[in-house]
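First, the structure itself, so that you have it in front of you.
Read from first to last, the chains carry the letters A, B, C and D; within each, the first residue is number 1.
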Amino acid sequence: MIKIGIVGGTGYTGVELLRLLATHPQAQIVAITSRKEDGLPVADMYPSLRGHLDIAFSSPDKAKLTECDVVFFATPHGVAMAQAPELLAAGVKVIDLAADFRLKDVNQFEKWYGIPHSCTDVLTEAVYGLPELNRAAIKTARVIGNPGCYPTTMQLGFYPLLKAGVIDAGNLIADCKSGVSGAGRKAEISLLFTEAGDNFKAYSVSGHRHHPETVEQLQYVTDDKIGLLFTPHLVPMIRGMHSTLYGRLNREISNEHLQALFVDAYKDEPFVDVMPFASHPETRSTRASNMLRLALHRPNNGNTVIVLVVQDNLVKGSAGQAVQCMNIMFDLDERTGLQHVAVLP
Amino acid sequence: MIKIGIVGGTGYTGVELLRLLATHPQAQIVAITSRKEDGLPVADMYPSLRGHLDIAFSSPDKAKLTECDVVFFATPHGVAMAQAPELLAAGVKVIDLAADFRLKDVNQFEKWYGIPHSCTDVLTEAVYGLPELNRAAIKTARVIGNPGCYPTTMQLGFYPLLKAGVIDAGNLIADCKSGVSGAGRKAEISLLFTEAGDNFKAYSVSGHRHHPETVEQLQYVTDDKIGLLFTPHLVPMIRGMHSTLYGRLNREISNEHLQALFVDAYKDEPFVDVMPFASHPETRSTRASNMLRLALHRPNNGNTVIVLVVQDNLVKGSAGQAVQCMNIMFDLDERTGLQHVAVLP
Amino acid sequence: MIKIGIVGGTGYTGVELLRLLATHPQAQIVAITSRKEDGLPVADMYPSLRGHLDIAFSSPDKAKLTECDVVFFATPHGVAMAQAPELLAAGVKVIDLAADFRLKDVNQFEKWYGIPHSCTDVLTEAVYGLPELNRAAIKTARVIGNPGCYPTTMQLGFYPLLKAGVIDAGNLIADCKSGVSGAGRKAEISLLFTEAGDNFKAYSVSGHRHHPETVEQLQYVTDDKIGLLFTPHLVPMIRGMHSTLYGRLNREISNEHLQALFVDAYKDEPFVDVMPFASHPETRSTRASNMLRLALHRPNNGNTVIVLVVQDNLVKGSAGQAVQCMNIMFDLDERTGLQHVAVLP
Amino acid sequence: MIKIGIVGGTGYTGVELLRLLATHPQAQIVAITSRKEDGLPVADMYPSLRGHLDIAFSSPDKAKLTECDVVFFATPHGVAMAQAPELLAAGVKVIDLAADFRLKDVNQFEKWYGIPHSCTDVLTEAVYGLPELNRAAIKTARVIGNPGCYPTTMQLGFYPLLKAGVIDAGNLIADCKSGVSGAGRKAEISLLFTEAGDNFKAYSVSGHRHHPETVEQLQYVTDDKIGLLFTPHLVPMIRGMHSTLYGRLNREISNEHLQALFVDAYKDEPFVDVMPFASHPETRSTRASNMLRLALHRPNNGNTVIVLVVQDNLVKGSAGQAVQCMNIMFDLDERTGLQHVAVLP
C-alpha cells in the first residue's frame, strides 16, 4: 500500500482526489491537512465520503507528512514550493496539482502568479505530469507539476498535428469552454448559481495563466515558434471541459491521414479516446471518469483542421491525472483505481 | 413623477427594483446609495441596465434621500430601522424589503434577527405590505414592511381556507421550495453553482425566520390558534418559488365550493391567478412577472386539500410587491409598471 | 462469472445497469436486446461506455437469453411479464426494473398500468426487491419486482416509525421531489431542457402509480390502515430524489429514541446511511452511488416527525438496487460492484 | 392598431412573439393558427399568457389572415412560401421567422433545406430583415426574411471590420454557442434536460444551414471573397447566444481605431450596445431583451481581433428582430414594445 498525504483537501481537486483514492486498491490515505478544519472528520465536510473514508483533517504541524510515500498538494499556488524541499529530503515524492512546478520559465511563473519562486532547484528537476507526452520522465520523477486543465486538452489536441508538422505552429487558436468547478471552491460572487447559471461568457480573453504553460510545453514538440490564441469561456455546468482547436494545414493531406496521426499517437493510451472522424464528443461522456475524448473535423475539406477535445476538468484535467502519475511513479498498472465508467446521464 | 431613492441597490432585490422602476412610467430614480460603490455607474455593475438607467451609486451621506417621495430599502435587516425616523420626519415614505417592519411582535423580531429593534414606535405604525389582505392600510401608510417571499405564498394560499374556517388552523403544513436567488447576492460557498447546481436539499427545517412572520399574519385571519409546519428547500433554479400547502378539512365540503372560496377571494386581484381545479402551476409561468398563480387539489376526495402556489420570489415575492405597494400609496393604478408577461421559456 | 442478459438497454435504467455491471467483478454481460438497434454497438449509442463494453445490441430473436443466469428487464411495463415464463422455465432468474412484478394486487396493477397482467402465477411467486425489508425472500427468489424510485424512499423513511408504532399510520404525507431522469429517456416536450430547466412544478398530484405500490408494501409493516398522501414534484436536476416525509407522533417519545429507531433498523445495512439528527442530506451526496441517506427533524419538538430521505433515483432507486438484489440472489457480498463514492461536486 | 396574424404560434419563436406583442401598444393580435390546436385558448398552452391574451388557436382555414395588416410565420421552413403569395395579393405584409426568404441563392436554399422553393418571384422582392444593415429596404418591404439567430451575431460582429477592410475576409472564424431554445420546441431525445443538461458539445461542425446565409450577406459588405469557418455549440442554458469571432488584421491599426469602427457603425442603433474595449459581455445581460451587446479584444496586441457578441436568441435572434422590422415597416418608433430591461439574475 502506498502511504499518502494530502495537503489542502477541502477544495474540489482535494475532494476529487479523495473520491479516487478512497477506492484505489493500493492507496492508503494517512493524512489530510487543513489548518482551518483541524479535527473535523473529512466526511462531515463531504457527506459523499461517509462510509468510505474515516479520517479527520489535521493541522499541518500535527500531520506526519514526512512518513508518507507521496504527498499531493491540492492547495493554492505557492504552498507546494514552500513544503516540497523538506518532503523531498525525507524521501517523500511530491505531486502538486497547482502551478508551482508547471512552468520551467521562472520569469513566466512570477509574472503570471505574482509571487517569487522559492525553490528553483526543485523546479529544475520537476517533471511535467502529462503521461501521454512525458511518461518516461514521470516514472523516475520525485516531483510532479500536474498540468492545468485547459493545457491538458490543448496539448493532447495539438500534439499529433505539430509533431507531424502539418499545421502552422504560429497560428493556433484554442476556443475553450469550462464547467464552473474549474474555478475551484471559492466564495466568489461570479461563481454563484445565480450568476453563472443560465449564462455564458468568455473571461480572461486578454490573458490567462494557462497560456504560458501550454506554449512552453508545445514548444518542446516543434522547432517552429508556437503562436497560440487561447480564449476561455465559462459554461453553466458543474464538471466538463470542451476545447475547440483550430489548426491551419500547411500541406496537402487527406482526412484519413489526419485521423491516422491521432490514432497512431494514442493507440496505446488508456485514457485518450480518438473517436471516429467528424464525431461530436460530449463532455458528459467523460463525467467523473479519467478519459479524454477527441475527434477531428475539416469543414468543406478546407485548410483548417478542427480538433474537438473533451474531458472532466476535475479528473483527467486534475486529480485523475495526478493519480495516473502516481501509478506510474510507483510502478502500478497506470489504470489502477481509475477505471470508472463516465456517469451518463 | 414619483421621486424615488433606493438604499442598497447592489443585491438582487435592488437590481430587480431597478429593472421594474426603470420602465415604470411614473417613477424617477433620483438616488441609489452604496457606501462601497460610491461613484460607480449602476450600469457598470449590472450591464443589463445599460441604456436604461443613467445614474451612479452614491455614498449615503451624499444622497439626498430626504428630498425623495419614497425610499426603498433593499438592504440587510437593521438598516431601514436606523434611517426610517429621519426620512419620515422629512415627509418621505419608506418601503423596507427586509424584515425590520414585518413582525409586530418585537420579541419575535429580536429572537429571530438577533438585533434589538431601534424604533418600535415606527414599527407600531408600519403596515404589512401584502395588498391582497391589507390594501386599505397600505393606501394610507407611511411605512411598509414588505412581506417575505415564502410568507406571501403561504398567506395567499391558506387565507381563503382559514377565512372560511374549513381547515384545521392548528395543523397546517407548508412544504416550500425556492430558487437560489432567494438567498440573495452573497459570496457563500453553499450558493455556488457547483454546490447548489444539480442538487436538492431542505434547509432550516428546525426553524426559519419566515415562520413567525407567517404565523403572526395568519393569526389575524382566524380566532383558532395557528399551528404551522414550514419546511423550506433549495431548488437548482435561479428564480421561482413553489409552495405545496396541506390543510386538513374539518367539514364536508365539495371541490366546487373549495374552488369558489379562492375564486371569490381573488376575483378582483390583478396579481393572483386562481387556476382551474387540479392544475399544476409551474414556477416559470411567473418568471420575471408580478403574478402569483395557485391551484387546488384533493387527492381521492379525501380530507386534505392541497394548494399549489407559485411566484417569482424576486417579483411578487419581493421587489414587485414593493412596487405594487408604492402604486397603492401614491394612488396609481396598482398595475402600473408591473404588466410584464412572464418569460417562458 | 454470472452470465447476464439485459432486455431494453437503451433507456436510462438500462445504461445505468451497464455502467454498474461493466465494472462488476462477477458480471459478464452476454446479451443486450433492442429490436430497433439490432447490430449497433452499445458504445456507439453511449460513448461513455467506449473502452468498457464491447458488445452490440441484438434483436430479441437472436439473443440467447435462455443461456443466461439472470436477465434484467429495463423495459416499459408489460415486457417482462411476457417473457418471464419462458426464461424461468429455462432456469433463468428474472429481475424486472419496471412494474410488472411489484404489485401483488392485480386489480391495482391493471387499474394503474392499463394493461391486463398476463402471468399472475409468476406474480404470485415474485419477490419485492427491497433488500432492507425483504432480504431473506430475495435470496431464494427466481423473480424480482424491483421497487420504484419514490417507493424506495417512502418505505425506508417510514418503516422504522411504523414498525415501532409511534406514528399515525393513517396520516402519512410524502412530499417528494425527483430529478428529470426519473421520467426516463423519452422524447416528450415536457422533459425538454427548455421546459424542465429553471422551473419547478408538482405533477400527478391527484394520483401516481407509485402510490398503490407504497401503500401495499407499508401495509405489511403495520396492522393499522395505511393512509398516504403522496405529492411528486419535478426538480431541474438530472439525477437525485429527495422525499420529505411527515408523520404524526401518537405518543410521547424523545428525539433520542426516534433516532435510535432508525439507527437500530439500519445498523447493518451497507446502503442506508442514518445521518445525525437534524441534518439536511443533499441529493448530490448520493449522486451515482447506491447509498440512500436520511435524517430526522422535529420542529419545535412538536408532534410531527419529519424524515428527509435522499438517493440517486437511477441507482438505489433503480439499477443499483437491482444489482444489489442480484448480488443477494447469487450469494455474493451484497456490496460487490456497488462501492462507488458519490460524485461531488 | 396594427392587425396581426400569427401562423404557427405553438413553438418558442411563436410564444416569444406573443409575449412581445401582448404588451406592444400598437399591436392587435387577431388570429393565431394551429391546425392541431384549433379551439384551444392560447393561454391554456402557455399559462404565462393568462390574463394577457384572450384568444384561441384556430385552424388555418378559419383564420381570416387576409384581413390582417401583417402576418408572422413562426413555422417550420416551407410554410411561409406556400402562403405568402395569397397574402401579398390581399395586401398583407409577411414576416417569415423561418428560412424561406433568407437566402437569395435558390440553389443554396434547396441544398440546405431539402425542399424546392415554390415562389422565387416573392423571394426576389423579399428583404433580409436585419435593420442595422438593411433599414431602408425593410421600410418599404412587403416580405421580410427574418435573419437566423447565429447569422445576426456573426454579421453585426464582423460588419464594421469588413466594411473598413481591416481584416482578411477569407479567413473568418466564428466559434458560436447557443442556448437550447435555439433548437425549437421539438420532442427530440438530444434536447431533453437529461441529455443537454450539465453537458457541452459542438454540433454540425461539418456544415450548418446558417453558414450560407451568413456568407451571402457578408459578401454584400466586401468585394473580397468571404471565407467563413462556423462552429456551433450547444450550451446548457435556456436562452442566450454567445459568438466568439476571430478576424485576422491585415494592416497596422490601433485598438482605439478598432473600437471607433464599432462605435461609429452602431452609434444610432437602439439595439446594439458596443461595450468598452476588452469587456466580457454575458448572455444574461440580454435575457428576454432585444439588445445585442458586443466587445472587442486583441490579445497581446497581436494580429487577431476577437469580437465577443451576445444576444437572446429568441429576441434579437428571432421574435424581437421580427417585431423591430414590423415597427420599421409600419413607421413606428423602432423601439416600440421592445424596451424590456434584460432579466438579471
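By definition in this document, contacts are C-beta pairs under 8 Å (C-beta built on N, C-alpha and C of every residue); 3 or more make two chains touch, one makes a residue touch a chain.
Only a predicted model underlies this, so the values are computations on that prediction, with no experimental measurement involved.
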Chain whose Cα centroid lies at the greatest distance from that of subunit A: B
Pair exhibiting more inter-chain C-beta contacts, A-B or B-D: B-D
Separation of mean Cα positions, subunit C and subunit B [Å, integer]: 39
Subunit A-subunit B separation of Cα centroids, rounded to whole Å: 45
Inter-centroid spacing, subunit D versus subunit B (mean Cα positions, whole Å): 36
Residue numbers of subunit D (touch at least two other chains): 12, 181, 185, 194-195, 197-198, 236-239, 281-282, 284, 287, 345
Subunit B - residues contacting subunit C, complex: 173, 175, 177, 179, 194-195, 197-203, 205-207, 227, 229-231, 233, 235-240, 242, 244, 246, 278, 280-284, 287, 297-300, 302, 304, 306, 308, 310, 345
Touch list for subunit B against partner subunit A, complex: 12, 180-181, 185-189, 191-198, 236-238
Contact footprint of subunit C on subunit A as seen in their complex: 12, 15, 18-19, 22-23, 46-52, 181, 185, 197-198, 238-239, 270, 273, 275, 281-282, 284-289, 291, 293, 339-345
